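Chain IDs A, B, C and D follow the sequence of writing; residue 1 opens each chain.
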């Protein structure tokens, strides 16, 4: 006990590479600016805040670029607890850009809603900050903190529409289950720490391997469960549909893309860096999760009439596809391909799904309804949006030459590269699911192309500029990633951990 | 410079030119319908022009080798390249797809199906053209897959938006079927890729090294490809999407579907599945043959049971593709030649039949065989064209259909050594019976629709037509003989049917060396 | 040694331009067809002139070729094999197989060529008048021309593919021509039936061709350098003795099935009478003299294949003779009960085709071919005469009982020609039919097919009888119905069809002045044909000694066959003509042949010795290596020596048949009406005569009732019933059943099972969705429970698994 | 030392907490149960830190306590929100969205 006190006594602050954490710093600064500005500027000019938020994110993107271009190799801070390597850089870029698109999606929505804007942007940015930290965390503690940092604002965002019962419900469910899940995860972490006597992931990797005692198994399972909740893998998905439906649409977009991605980042980090040795535990677990997630997500989505809820299930199913390769991550030399496919899929999925939410926002501005039926005859009076929507849906369904297919392709490729029987079985399950998926995506297309306009109102849709911009970005990205899949795959390829068994 | 790599730009241009047209059309307002049509038609013609130029450049003495080969990086991460080339098998189909598109465009000039919107319709058609052409020239599995899938959405919308009463069901069914097939196909492709050492997706490479895979593995991989292609062909029992799709699709859709899309499947068998997995092919051949002959008889029976003209023609496709698959299943170059010829012939003939069906629908507003009749009296040219196509389709010697059908039967007598001769000879006899059934349903169709007196409801020359006179006028107005656009659109097909019937060597000269090159990999 | 012998025997065979360019013969009408289709309507005579001209042209070509062939034959030595004039070009090749197209011209093909071109020309000329004003005049001539093109192409065909080509085109044209008046459901149905029935037979053609091709190809390529499709190759291969007996038998049987269909042999003959729905010229061309002999031609063409495959000299019965025999009798019996004159002729055609088949089956090759030749003339003549009657006398009705009778006064030319042709058909001495039919019967018996000789005689008897009946009904007695100028409202389909489509002016013209002779366009062809019906027999008049047997000399392929002296005697008794002439070389080559025979002759093939040796010799020389030019392309045939006794017997039988039939007919048809006349006009005046008439009538009545109705009719009627209800029922039923089955399969298998499975899977997916609904209850606590339960279960399972 | 007893205590607390989360219908009680779990985790960390003789456990525990405070803050805010809108904090009634 005394020794620890002495240890405290001669404590010197570690050298900090500010370039490395510049993105986080910029976002943090942005948070403060928005927070303060919100106090002083008048209500009619609150729109400035969204601009500030947007520029904050773009600003944070600059150091990401410089980091990417600097040939200094991976930068490790706080004796390896916080690492900026290629993986984290790529993911940071992804988070910042998708966050920027989400800001574009939110702007008009938030301005027109009668809620406080300042807080919205603050919470949004905080959550982003958490994600940025998540990409670099290589220590149980920092992972935990980052996770909570990105979650707690999200809880509040989900309940954003204070007077809307649905929104409350969404928030409460998300919160309670989220906290419960992270509690379970923490218990697992405590066990990990107990057996490995370290919170440093690389330190764990050294210990957690070889023969597996019950306690280690339990620890790994609980940790994985915690992240499985974040990525809403079946059977830990139950919160997702309700929350997505209840939360404001931009927030849903945020949750379904950014926060899910963050969950995967954490999961991948832990699996690759911390517990590669326990693959006998987590590979079967993830195999089951992936199969369940794809299947349940699809069949549930088939019978949804609310498009947001349908997309919720669809994003669950997509999560299953992202999980799929992880089920064979430790087989042979497939780990690199698996990591690549996860990152690739996340990139493609972010572009496509955000685009689809943009469509929903645009359409609901006119129809004021979240029902699939409200898309009836869309193509006849808004061909532009109809065509874009078709592109996004087709991409989600994984039809070449649209972005989605390369995601699915690389997932299949990674699974098959392992060459195990279970891998093939999972691939076939995935193939069948990709067909089922078209059932509901095609249903929306059918509404848009082949069904009459519900109430005969064929007035064109007025799309505000930010929304147009968002749709433009996502649409082009979706097409480009599909026709030149090399791009996404390239980022997937370079995004590797340092000092992990995949790297 | 290497003759095989000279002018290797023509293929890329011929494939992607339609997309340029699409871009132009995107900026033309929806209202300018004539302009839209003009641009689309010009694009199609230009594409065909490139195709014809390709024909002139093609070196027919080396039809067995890939020509105009172009290879550049595409997805280097997964070792897939943009690798295209064309040989004696691809060339006819490649050109066929271009011709059909042009003809369909011409036909569309005054036959835009409801609910109109030629802009979207023609754009989809051009995209479709790119997909079809691309599939036939890709020399890289991933590229092939992308083009193979590219045709799905346009066709889905073509059926679903411009189709008949039951179009939504039909289109979704078509889509899910094909997607199911191609999903498993993709898995099979990847498995093949890894089993050959994850070196390359290039088809020639895989053809070289696929044979080394252990037999059991091959059989499984083949299974995946089989489903993918068999759905597209379609083979029994994966055929049920076809009648619905054909029946509901607009005329143009049916024509393209029958003329080209069905060929993607058989082409896949010849180009990919069989040469890459020879052992598996030998294992599967008897079963493929079995399904093929079942398809022949079954399709014919299906036809006999139909009351709807278009649906009947659709089922006849099942039977005809059965002959093609029978030829393929023999794994002999003789059989495969027959198969490829059959593909082209079926494309011309059945495409033409669908054109006729569409025009009948325009005039009589029904395809109920029972309600039609006496077409030879009311619309003699149309009637005779129908008769001509029926004759061609039932395999009358001297017309294109025969050279796909008879050699296929012939080839079944002596399959590749190692395959059970008895089995295949039984197939041969069954297939021969199929030809009789073909005669049965086609002539039955012809007799019921073209012979006899026109029905009173369509102003037939019977007295009781006064009963519903207004009804008559409603129909009278539309019932006219073949129009100029139709003549222009049809003549090439009719000429082709006769030409290839009289001079089959025009095609066989092309196909033979290419097929021979493939068969060498099966040890045939 | 044999080789040198034969080379010695060869001079260079003369050839000529027509022979070399015989392949043009089918091309001419084919081109004409295209021209008619595209420009016919614009031409002064609506395209018919093109048709006629093209046919005449091909006739000229054929005759020219024939003449040059004759010179070729005359230029050759007695026993030299006359090499056919074969030319072949590659048409297409695939998978290493080459498919040629070309010509194979020899006596047989030239015979048929001349006949076809000749008959076609006449029929087309005849049609100019007969179909004047028809609304599809042009189409008619187009189809007619294309048909001839198909037939000619089949005849000149160098290989099976080309032959099939012609064969199928004929089928198509028969469809179009029979269904020419397709406004009538009955006609188009008949057309369909004809096409299906023949097409069903064609399965055999496809299968047979394939079998033979793959069995023969390697051998023919090696020894003759031709593909396994080429007729020459197949013939040579068949005689080698190498072919596995199974292959060649299967091939022969399969091909013969096709012939059954095409040549209307039992049991596929039912389409032929129905096909009479077509215009009369069509019947006369397709269904008497050309198309239906296609089957017979095929057998004759590939004779070696059938010879070996059916083991013709090896037994007393084989499939061909059997079918042929049955057909003769059945068809003849059916002809008895027809009232439609064309149907009588149709059935008679069937039965005559039976003769040809039987002849070929029994090895009487030459007589059979000769019968094709003669039969074409008189049968065409008969049909055209019938047409002339309906055209000018009976107002387009073919009902003998209702609308004819006593026409001999009105149309002398038609009558005369009819009588001549009838006598020819019955085979009365000087007429053409005698020389061919009698030869067939004679040789059939001679080759050991005794039973079938008897069948042939019975057939001859019946033929005579029904022809007499028909003649009587048509030309004798009093005019009835239409011929009597009655106004007639109900007629057969044919009539209705005519009414709607023939030129009405001409039609009414006849109506005004009753029956009369037809005009020249019709009578001239009749007279020409009648002349030939009278004289054609002289081309091969066996009875008058060898010098008269021109056909035999010109047409029959001579296979130089090795005979030994020991066998010569046998040959003597069996009347082998060739032996004395061939003797010199034979002596040289006898020994090796014998040894060879010892080794190679399969024993099982030859039931009785002499034939066995024949077979053995054929094999011993051929097949072992490349066959010498001029040998081994035809089996060795031999001829029955002509015996007046036999001939007389058959002629007597025929005459008896005629006489009986005549009496019966008189009693049945005329006296009855005479009685009625007497009853009405002179009832009170001649009581005695009246009573006598009455008694007479009773006698007649008795006679008719007992004999005719008691014996003849029941049998014939029964046969007819069986025919209509069973055979025809099967043929028609087949179609119906297929459609039923099709319907069932479609409804139950396709829509329920296969499609059901597909749609079902969709339902399953949705169902699962519903089943999972409770999971998504919306209750936080349950979500929590699920979350933790899942985690715990996972933990436990993995612990158990891993530790 | 008493490490194992601590661990057992923590496990017991964990189970009680889980039971509370699942069984309780009152939002506040559920919050409390979650706190219970978090505290069991803290005990774990401390116990292990004791056994391993390293400081990380304590640090982690401190973080957890801090974060837990924040969570409770947010949680109570949300519960208040719900209460304001529906005058009840029974979680079972909070099932408007389902299926």
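Just so we're on the same page, a residue touches a chain if its C-beta (ideal position, glycine included) is under 8 Å from a C-beta of that chain, and two chains touch if they have at least 3 such contacts.
Computed from a prediction, not measured in an experiment: that's the story for all the values here.
Trainee: Return the chains common to the contact lists of chain A and chain D.
Mentor: Where chain A and chain D share a partner, that partner set is C.
Trainee: Can you figure out the chain closest to the middle, judged by Cα centres?
Mentor: B
Trainee: Find the geometric centre of each of chain A and chain C from their Cα atoms only, then give the gap between the two centres in Å, rounded to an integer.
Mentor: About 81 Å, centre to centre.
Trainee: Could you work out how far the Cα centre of chain A sits from that of chain B, in whole Å?
Mentor: Each chain's C-alpha centroid was found; their separation is 43 Å.
Trainee: Let me have the rounded angstrom distance from the C-alpha centre of chain B over to the C-alpha centre of chain C, please.
Mentor: Once rounded, the distance between the two centres reads 39 Å.
Trainee: Give, as an integer number of Å, the spacing between the C-alpha centres of chain D and chain C.
Mentor: Those two chain centres are 99 Å apart.
Trainee: Send over the residues of chain D in touch with two or more other chains.
Mentor: 21, 30, 91, 94-98
Trainee: Quick one: which residues in chain B touch 2 or more of the other chains?
Mentor: As it turns out, chain B has residues touching two or more other chains at 176.
Trainee: Taking each residue of chain C in turn, which ones touch at least two of the other chains?
Mentor: 762, 776, 778, 780, 784, 788
Trainee: Please list each pair of chains that are touching.
Mentor: A-B, A-C, A-D, B-C, C-D
Trainee: Where on chain B does chain C make contact in their complex?
Mentor: For chain B paired with chain C, touching residues are 173, 176-177, 237, 239-241, 298, 300-306, 332-338, 341, 374, 376-377, 391, 396-398, 402-403, 406-407, 409-414, 428-429, 432-433, 435-437, 439-440, 443-444, 447, 450-453, 503-505, 508-509, 511-512, 515-516.
Trainee: Flag every residue of chain A that touches chain D in the complex, lowest number first.
Mentor: Interface residues on chain A, with respect to chain D: 3-4, 7, 140-141, 144-145, 148, 152, 155-156, 159, 162-163, 165-166, 168-173, 175-176, 179-180, 183-184, 186-187, 189-191, 193-194, 197-199, 241-242, 245-246, 309.
Trainee: Show which residues of chain A lie in contact with chain C when the two form their complex.
Mentor: 172-173, 176-177, 180-181, 184, 211-214, 217-218, 221-222, 225, 229, 235-236, 238-239, 241-242, 280-281, 284-285, 288, 296, 298-300, 302-303, 436, 439
Trainee: For chain D, which residues are in contact with chain C within the complex?
Mentor: These residues of chain D touch chain C: 18, 21-25, 30, 91-92, 94-99.
Trainee: Which residues of chain A touch chain B in the complex?
Mentor: Within the complex, chain A contacts chain B at residues 340, 379-380, 383, 390, 394, 397, 399-401, 405-406, 409-410, 412-413, 416-417, 419, 424, 427-428, 431-432, 434-435, 438-439, 442, 445-446, 449-450, 484-486, 489-490, 492-493.
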